[in-house]
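First chain written, first letter: the chains are A, B, C and D, and each begins at residue 1.
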Amino acid sequence: MPINKVVPSFREAVADIPDGATIFLDGFGGPGGMPHFLILALWEHGAKNLTIISNTAGIAMAAGFGMPGGKRYIDHSILIESGQVRKVIASFPVTANPSVLCAAERAWREGKLEIETVPQGTLVERIRAGGAGIPAFYTPTGVGTLLERGKEKRVFNGREYLLETALTADFAFIRAWKADRLGNLVYRGTSRNFNAVMATAARITIAEVDEVVEPGGIDPDHVHTPALYVKRIVVRPPDDTPILAETYEARKRERGRV
Amino acid sequence: MPINKVVPSFREAVADIPDGATIFLDGFGGPGGMPHFLILALWEHGAKNLTIISNTAGIAMAAGFGMPGGKRYIDHSILIESGQVRKVIASFPVTANPSVLCAAERAWREGKLEIETVPQGTLVERIRAGGAGIPAFYTPTGVGTLLERGKEKRVFNGREYLLETALTADFAFIRAWKADRLGNLVYRGTSRNFNAVMATAARITIAEVDEVVEPGGIDPDHVHTPALYVKRIVVRPPDDTPILAETYEARKRERGRV
Amino acid sequence: MPTKQRLDRDGIAMRVAKELPDGAVVNLGIGIPTLVSQYVPEGREILYHSESGVLGCGPLADPGEEDIDLINAGGQFLKKVPGMAFFHSADAFAIMRGGHIDITVLGALQVSERGDLANWLYPERGIGNVGGGMDLAVGAKRVIVAMEHTDKQGRPKIVRECTYPLTARECVSLIVTDLAVLEVVKGKGLLLREIAPGWTPQEVQALTGAPLHIAPDLKEIEL
Amino acid sequence: MPTKQRLDRDGIAMRVAKELPDGAVVNLGIGIPTLVSQYVPEGREILYHSESGVLGCGPLADPGEEDIDLINAGGQFLKKVPGMAFFHSADAFAIMRGGHIDITVLGALQVSERGDLANWLYPERGIGNVGGGMDLAVGAKRVIVAMEHTDKQGRPKIVRECTYPLTARECVSLIVTDLAVLEVVKGKGLLLREIAPGWTPQEVQALTGAPLHIAPDLKEIEL
């Protein structure tokens, strides 16, 4: 049977996510790499007690990071607001401006959310290690700082390093540009960032894409994520109304969900 | 001043390689990824006491690996034959057929060459670590085999792993398809293999390419090796006569070099 | 009773081909394993991975069409087919070590009753090509060995303890030979599941260096 | 004697720009560092790296031309320029941690006389964005700090020991402020090399929390 990983709806793509799942989620910050429709589907699905591993804890919605004039998109803040998230592992958990609180900082202040702060390079390397079968590695990053607490320190060639362990997840929510039905992915520009790494380290990687092309429609020299890493593909609708922050606010009121 | 890394000749590209240097050299096996002209230039340059780190110890010339009918190209065997190499670190040090001896196996049997055999995945991961500032990592590969000798063993989540350390080199000889003057590189097909990794872990990376294009001539989404890794670029001549095995044999006789 | 026969190399490959489910990610080693792909039934789509840095390998290139930038791990030339993806070697091995290969089919010098695999070094040569075999053996979700049941001198290649240097310990789950299909059962040993036409379990046991448990539903190998 | 003046943010950036040699690989942090690129003299070609996964960043995009798939680490939109390269975050940070950035320019809350850098956490907030600063601080060949000499309350930001949580130890080699250019000399402390117009070393010392050595060739800052 021809391989065809395209799933007809975002709802179906996330239907089997259980309470307590760990989820990789890109979003370097701005909307380019953010799997908005998957996030919205997970909000509607309602799975609870989630652990989210992401570069940020959802700051774009609060701070407008990387968003061109006017439009505001949802991000993982909506999962935190709805109380679905137990813990976030992130590099940028809060906004740059202490007076602008994102949902994560609010929940953290109220004791409702655990946040683990990890240097960005260490975070992404731990994810790469998770995908590459490397259980642990040493890094110079963080030595002599608060973040070395509880970590093994070791000297190689006269320099100190910390031992860091691999991160994996049950699901990865990926935002890509094009896919073929086999699962090969290409990203656009700086939206590749965490997406291409997270795709390698989850049990089930779900890609939200702009377009599905025929096999051969992506030059094999240009593939960023080889097909084997991707289990499900869902195509974004051309209309982005559902993921606009205003739509979310309206729906939230409608459903009485906070 | 506009950055321009193109060097006019292979001779100049290798002129500063000192005796005792460590050199990364691709060649997954066949001629596609092999920097033939750089190898030939190093043979003519004559630097001695070299350490070569490569997937093979030079088996294509002896065994014809990955070569289409008729043509035979040189490989790093010529540096071993000429006695320039002290040590090879490789994954495939010998040919598949014990009765076909490559230069490395001959030299090793005569006690003239040290060979360190490393599993292929560990070899390339050690090189990646060298380029990525990771001094050491743990891997399951090699546990319970001869190759675990002398290596630290450690258990993570109930499974045993070996500690492996990073590899770096003084020079990397890279074979790419296209470059721009800034040093951005693209490879073709399976010839990317070790090249794209070795390019990241040497003090001086020298790329042997088919073509130099203007900046912008390579789509930024398609770059395989970003410019910062490349120090020198040399263009292969359209005529491959100099790198044919027969030409080398003739030159060798001419110069009385073995 | 049918005539006693040993499967030939293609026969072994045919039997292994039945183990590859639709949609699987598969890496085929050099030798008999390479033959497997041509016996996968039409219409079953498999994603073949090669250490040379490619996923989605198709058939071998036709003579005259060889491209030096499109080879498999054995140095054979591949046809360019739609849906391929190329990557560098660190990524190629991250795929293997990271557990993303569903099945690998490897040749062997010896396999032990616990599934230890030896396939890289002839001690008498003193040096060998470790290649990517160790990474495959520890990384693939399922390791199938495809080999002759006995070596050129007629000695068993399936043994209690490997005497050749190991590639990895306790990694093999299925052994397909010219005489039998054997499952390695964790903590129990070897289970004889299928047998070549005309052979008895006793005859196969005599050519095997480790004790065999006979499956209650022992069958003749069908190709 | 010239009127006493402090450099403004652009002035600090202008002075830092002189530190970037032709052909250098440079990563500019958020804040004053971001301003540096516009003051690099015409004709000097620099390869700018950003943690967002791009090398060869050019100027910011014009209004109306913003592309959400082309941002820098601060979330600003970049113009597409010839010779760029995109890569994923593991590669972006391998570049940093691997020692491939020649110079990084970072802002700071405090810098110690040994070059310890604190720039990520206000303890009173209790939580902060560590981001890529630690990777840059340990990985770049040369770390330049660009900041105001004193904080909003007028307290020295250059100190004997940082009281803010550290980003990395002994990593800073040059500090450019609105008052001075200071070199961190290994094992010796801070060397005052340049001073803002109209200021005396004693006045700068009074606003600095660590003892200054005065360079024999102390100069006025030139932009």
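Just so we're on the same page, a residue touches a chain if its C-beta (ideal position, glycine included) is under 8 Å from a C-beta of that chain, and two chains touch if they have at least 3 such contacts.
Because the structure is a prediction, the values reported are computed rather than measured.
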Ask   = Chains shared as neighbours by chain A and chain C?
value = B
Query = Between chain A and chain D, what is the gap in Å from one C-alpha centre to the other?
reply = 30
Task = Indicate the whole-number Å distance between the mean C-alpha point of chain A and the mean C-alpha point of chain B.
result = 37
Task = Please report how many Å separate the Cα centroid of chain C from that of chain D, as a whole number.
result = 56
Key: Residues within chain C bordering two or more other chains   = 54, 86-87, 93-94, 96-97, 138-139
Note = Note: chain A residues in touch with at least two other chains are 125, 128, 132-134, 139-140, 187-189, 192, 220-221
Query = What chain pairs are in touch here?
reply = A-B, A-C, A-D, B-C, B-D
Interfacial residue positions of chain B with respect to chain D in the complex = 1-3, 128, 130-134, 180, 182, 184, 200-201, 214-218, 220-221, 223, 226-229
Request  = Can you check the complex and tell me which residues of chain B touch chain A?
outcome  = 125, 129, 132-140, 156-157, 159, 161, 165, 186-189, 192, 220-222
Ask   = How about chain D: which of its residues touch chain A in the complex?
value = 30, 50-54, 63, 66-72, 75, 77, 86-90, 92-94, 96-97, 116, 121-122, 125, 127-135, 138-139, 165-169
Ask   = Hey, which residues of chain D end up touching chain B in the complex?
value = 22-23, 25, 43-45, 47, 49, 54-56, 80-87, 91, 93-100, 138-139
Touching residues on chain A, where the partner in the complex is chain D = 28-33, 55, 65-69, 91-94, 96, 98, 105, 108, 115, 117-122, 124-125, 127-128, 139-147, 177, 187-197, 224
